[in-house]
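Heads up: the structure comes next, in structure tokens.
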Amino acid sequence: MFPTPIQDRSRAAQAFYRASLIPALVVWLLPLVAIAFTSIRSIDELNQGRFWTWPEETRFVENYTAVFTQSPMGQFLVNSVLITVPAVALSIALSAMAGYALAKYRFRGSLVLFAIFIAGNFVPFQILMIPVRDLFVNVVPLYDTILALVLFHMAFQTGFCTLFMRNFIKQIPDALIEAARVEGVSELRIFWHVVLPLVRPAMAALAVLVFTFVWNDFFWALVLVQSDEVRPVTAGLQALRGTWTSAWQLISAGAIIAALPPVALFFLMQRHFIAGLTLGATKG
Amino acid sequence: MSSSATPSLPVVTARPESWWHRHQASITPLLLLLPALAAFSLFVLWPIASSLWLSLHDWDGISERRFIGFDNYRELFDDRVFWTSIVNNIWWLLAFMLAPALGLAIALFLNQSVFGIRLVKSLFFFPFVISQVVVGLVFAWFYNPQYGLLNEVLRAFGIEGISPLDSETGATFAVIVAGLWPQIAYCMILYLAGLAAMNPEVIEAARMDGAKGWRLFWHAVLPQLRPATFIAVVVSVIGALRSFDLVAIMTAGGPYSSSTVLAYYMYEQTFLSVRYGYGAAVAAVLFLIMNVYIAFFLWRMLRREQA
Amino acid sequence: MRISRHLAGLMLGISMIVGMPAAAAELVINADASEPSLRKSWEGIVDQFRKENPGIDVKLNVYDRESYKRSIRNWLTAQSPDVVFWYAGTRMRQFSKPGLLEDVSAIYTPQAKAEFGPVATELMSDQGKQYGVPHSYYQWGFFYRKDLFQKAGITEAPKTWSDLVSACEKLKAAGIEPITIGSKDLWPTAGWFDYINLRTNGLKFHQELMSGSVPYTDDRVKAVFAKWKELLDKGCFMKNHASMSWQDSQAPLYQGKAAMMLMGNFITGNFPANVADNMDFFRFPEINPGVGRAEDAPMDALLVPAKAKNKEDAKKFLAFVMRPDVQTTLAAGTRQIPVNQKASVPDDRFLKAGQQLLSSADGLAQFFDRDTSEELATVGMKGFQEFMANPDRLDRVLEDLERTRKRVYAN
Amino acid sequence: MADVRLNNVRKRFGDVEIIKGIDLAVEHGQFCVFVGPSGCGKSTLLRLIAGLEKVSDGQVTIGGADMTHVAPANRGTAMVFQSYALYPHMTVAENISFGLRMANTPKAEVEQRVKHAADMLQLGHLLNRKPSQLSGGQRQRVAIGRAIVRNPQVFLFDEPLSNLDASLRVQMRIEIGKLHQDLGTTMIYVTHDQVEAMTLADRIVVLNAGRIEQVGSPLELYHRPKNLFVARFIGSPTMNTLPVQRTGGDGDGMRFTLPGGAPIVLPTREDGVTLGVRPEHLSLGTGEDATLQGQVRLTERLGSETMLYVDLGSDVEVVVRADGLSSVRAGDTVPIGVSRRSCHLFDSQGAAVINGALL
């Protein structure tokens, strides 16, 4: 609708528009293109300082196998999955419940609680660093375990997820819930049989989004874990930078590997992802 | 509706009610809230309070905590690096306000329906999906004085050996540019959604009234994008204030803390200088700054809620 | 906060199910040796210990150095393993003073003391008691390209400061960067400060400065920077060092663009095959002939936390690592110099040179960031970096250092 | 037997009182309609009966049992919602049987009840569809089916037809009427559409600002409104109201001056300030008791009848229902006849003084 549809413009303008898309994309993604190329270059090419030209020979298999054989990258990936999947599932479960309670029950303080979740979601998480680390070291001895990251991400993401779920559930007509209530369905069963099926799209959107948040986390991976056995791929990659000093082809391949899961998920679940991200961007 | 005779079915009658039955409507919300609230209290609310309390102490992580009142804050006041962090955070904030503008520009550029545009849009969104660790890595490399693309390009213009990450004036901006890249992508998506949800009648009406180009954009399009703009600004502010990953990866705050930000400085004070209380005080300042925005956001949200 | 306490209890339960080390015969060792060669050597050592002590279930946790530093305090105050890797000297005493370390004097038999020599024993001691076992150390000095020196017409490795300055001039004239350094990690700059100070003012002054009893605004400190500035003024250092890690800064050396680097011996493991033969070592040149020759030789050690569960076996392991044969094996794998003087130095020209250098030295320092408080070290190393970029800001840098020193050593 | 009784029922939301003390008895088998302008509290009242809102004060009894604090499910009521409240993720059959299944009703019985309801509502062929595949009328039937399977003592309808288009609304209105006939159950029905109220109700409750204005049969309300509010609310087009002035007694009655100066004698000894007369009770031409004079401003030709908007001067306008073929045109000056048998008189508080003599 805006700007004027290109189809209404002159032929020349249309052709120019189409022709400009690809260069624009290339410039925009240049850093990524370069890293992808580098990940398949030979070390000789890199040593000759050829970083930004078309790779002469492709070392795709060699470089990517090297990443897995010469570093715990495989372990890091597994760790990332073990951290991310439960954290996402748990935070969505918690926030679906909390979001429903905040959206559809009138009780004193409900708005205050909601505000707390929103505010918590915006908190600069650095302020949580020392106490949370302390908690996992001294109170609940989970420091340097996958569970520590799972629990923390679960709790922290609950803020954002609750905001999201509450607003989504708010849009469900009250009548759907009241109808069940009049029919004698218990409150918990209403949640399970009526509300949950209705918020499934929202949960999918949230799942994809939170997956990338947690997967890409670097700060907490730095603060709460340190062994290769539990480190996720972000912190692992950063640590490998020290080991692979000028093996840029390996670092690049590692970076590509680290970026791949969220990118793939984004492509598969694009609609959900964008729906989740843009919640509230179109109305209000 | 046929008028067939009603078969005799048991009639629903009033049943005696258990305690749970009578109170489930008031207990259920508590029950549902409890897990989220417990997790949130333990890992978010309590740590905030704990950090604020810690910021009034001197602690090296091993000896007894020593209560020192506001000494940490007093020291911050004289701390050059602290002020550098504040100034840099302000630069981050200001520069990140470009993200909504540039995101909107790209969104407008891509808001056409030609073949393959959906793929192009999603490719444009890539930088947001990938980890900041990767972004930082890519940009550190981009800036590298020996083999970075920046210098390859500048060399074409006869400029040699620019190394932004080395320079106390340039490092922050070099990192900010890297931070802007995913942030612009994020804002772009918000605006694309906003554009898609626009009411075409308003645009048509404006066109009928003879509005074109800038005037149409300014008076008919932009007002409709206000929700998207609001969110874009909010996420950019938060992104700017939280910035840690890129600083840690690209410069580690250097050279000599010239590119540090509050989030990184608190990390450094805590783990490198082993001053937990002082680090907590830095975090507290960051928290207070952020509270201005949180308060603003809450105020707007709750006002909408009441309407 | 009752809710959170309940949740904490619940999670405690979960964590117990998930399984924390608890068995009595288990010996948990936390090591900061994640570099592949170090890791492999230590795994070998632990294997050997297992074979000799079949009853002990040894668990070796390996972490990278930076995150290890962030965690050592946690391990000493909670979740203590039985053995931790750490540093000798000030860094160790920092923990022995508040009683976080186990006294292991018992394993320092007169024979052991003799084998380790007074310097190493003293570095492991606090008020006459020993709190750990050193396993290896290494020398610092210049690693340089012989071929490039030749190309620039330098026939002999610099012995004095003026030799170094003139070598620098010659290299520059030949179009070669004289000295490469990467200061992004900050600590490489501290090597320069340490050495110029040791050579100008001597070990005793250096130690006083490190322990906070001399102000940084002292003229003797300023003299160090004046020397340093001579090299800076001549453009002897690589530009852009602030954006390079120490690893990055090796590249010009191997590419033949830069000629030398002040670094610890661990760099020798990185020499690529094609330049290894051209690499050589010389010690930091003399500046003030009047002062004795002290060297930076960071010593790594094993300590037992006071809260360790299995102190018995921990001490057994420490005693094992003290043995000359074990230190020999270890040194061969880690390419470091064994501390036990009865152990043999690996057959490596750099390590031989190192051992010769250190055994003939008048004293050893541990390195700036191990000899002084962490906070002062952080401020100091940033200051060195700033000074290297802007020598005219020296006064401000020193003021910052002095303010920090006053606060840290106030009590 | 299930009658519904409300004793002094009040509902407050925060500081705002929405329902201000309502006493009402709905007898068993009655079709009772709540009408009133939007915001008058009629839906809230229905929800109080259903138990979806808790009363702040007062008592609700159904079939003699005190239901004030009983959960919605146990009051023996079923409710049909304005939005139908169908679950998009369930089929028609699942929607209808949801409540029964959740109550662990034996499968056979569930099936029997669903079949019965489906037969009654002619939904048999739609049982496996999802709500999104149904038309508005079909959805409405499903919503009613959900209520029927519960075999309630009281049906509650919350504006059930307001989402349908005009022709469907008429059809469904008739079907609901038939349903009431067939089941004979007590039904309480909320609407703002007075045609629905008039056609369906045994008794209509007119609500205004949280209070009952009047309760009565449709014709009672139409012909004997207790006050101006009810008079104006019931009937379309709305009742004409004219300011009048008492000029003195006249035999058994009182003489009042109509706008334009014409006198009329009404059978009362009391004072009144507003005269009400419905459009169909005004006639073109000279009247038996009084005649008004005015200029036609607008004519609305509806075919069967013509509405004339007549300006009586001094800002008073009346609507006259005339013959569909009336030749009167805008601009014409016409005489309008008034018969006192059809006149209502209201005092300065709006309370009816007399209601004419038609009923």
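Each chain gets a letter, A, B, C and D, in the order it is written, and its residues are counted from 1.
By definition in this document, a residue touches a chain if its C-beta (ideal position, glycine included) is under 8 Å from a C-beta of that chain, and two chains touch if they have at least 3 such contacts.
Each chain and its UniProt protein: A = sn-glycerol-3-phosphate transport system permease protein UgpE; B = Sugar ABC transporter permease; C = Extracellular solute-binding protein; D = Sn-glycerol-3-phosphate ABC transporter ATP-binding protein UgpC.
Since this is a predicted model, take the numbers as computed values, not measurements.
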{"item": "Of all other chains, the one whose Cα centre sits farthest from chain D", "value": "C"}
{"item": "Two chains sharing the most contacts, counting C-beta pairs only", "value": "A-B"}
{"item": "Between chain D and chain C, distance of the C-alpha-averaged centres to the nearest whole Å", "value": "91"}
{"item": "Chain B-chain D separation of Cα centroids, rounded to whole Å", "value": "54"}
{"item": "Inter-centroid spacing, chain C versus chain A (mean Cα positions, whole Å)", "value": "39"}
{"item": "Sequence positions of chain B contacting 2 or more other chains", "value": "24-25, 37, 39, 42, 46, 146"}
{"item": "Sites on chain D at which at least two other chains make contact", "value": "71, 74, 78, 150"}
{"item": "Touching two or more other chains - residue numbers and ranges from chain A", "value": "135, 151, 181, 186, 222"}
{"item": "Residues of chain C defined as touching chain B within the complex", "value": "1, 3-4, 6-8, 69-70, 73-74, 76-77, 95, 98, 100, 183-186, 239-243, 251, 374-375, 378-379, 382-383, 385-386, 389, 400"}
{"item": "Partner chain B, residues of chain A touching it in the complex", "value": "1-3, 5-7, 14, 17-18, 21, 24-25, 28-32, 34-35, 49, 51-52, 94-95, 97-98, 100-102, 105, 107, 110-111, 113, 115-120, 122-132, 134-135, 151-152, 154-156, 158-159, 162, 181, 186-188, 191, 212, 215-216, 218-219, 222, 233-235, 237-238, 241, 248, 251, 255, 258-259, 262-263, 266-267, 270, 274, 277-278, 280-284"}
{"item": "For the chain B and chain C complex, residues of the former touching the latter", "value": "34, 37-39, 41-42, 46, 60-63, 80, 140, 143-146, 161, 163, 165-166, 168, 171, 251-252, 254-257, 268, 271-275"}
{"item": "For the chain D and chain A complex, residues of the former touching the latter", "value": "47, 50-52, 71-74, 77-79, 81-89, 98-100, 102-103, 146, 150"}
{"item": "Residues on chain A engaged by chain D in the complex (per definition of touch)", "value": "173, 175-176, 178-186, 189, 193-194, 197-198"}
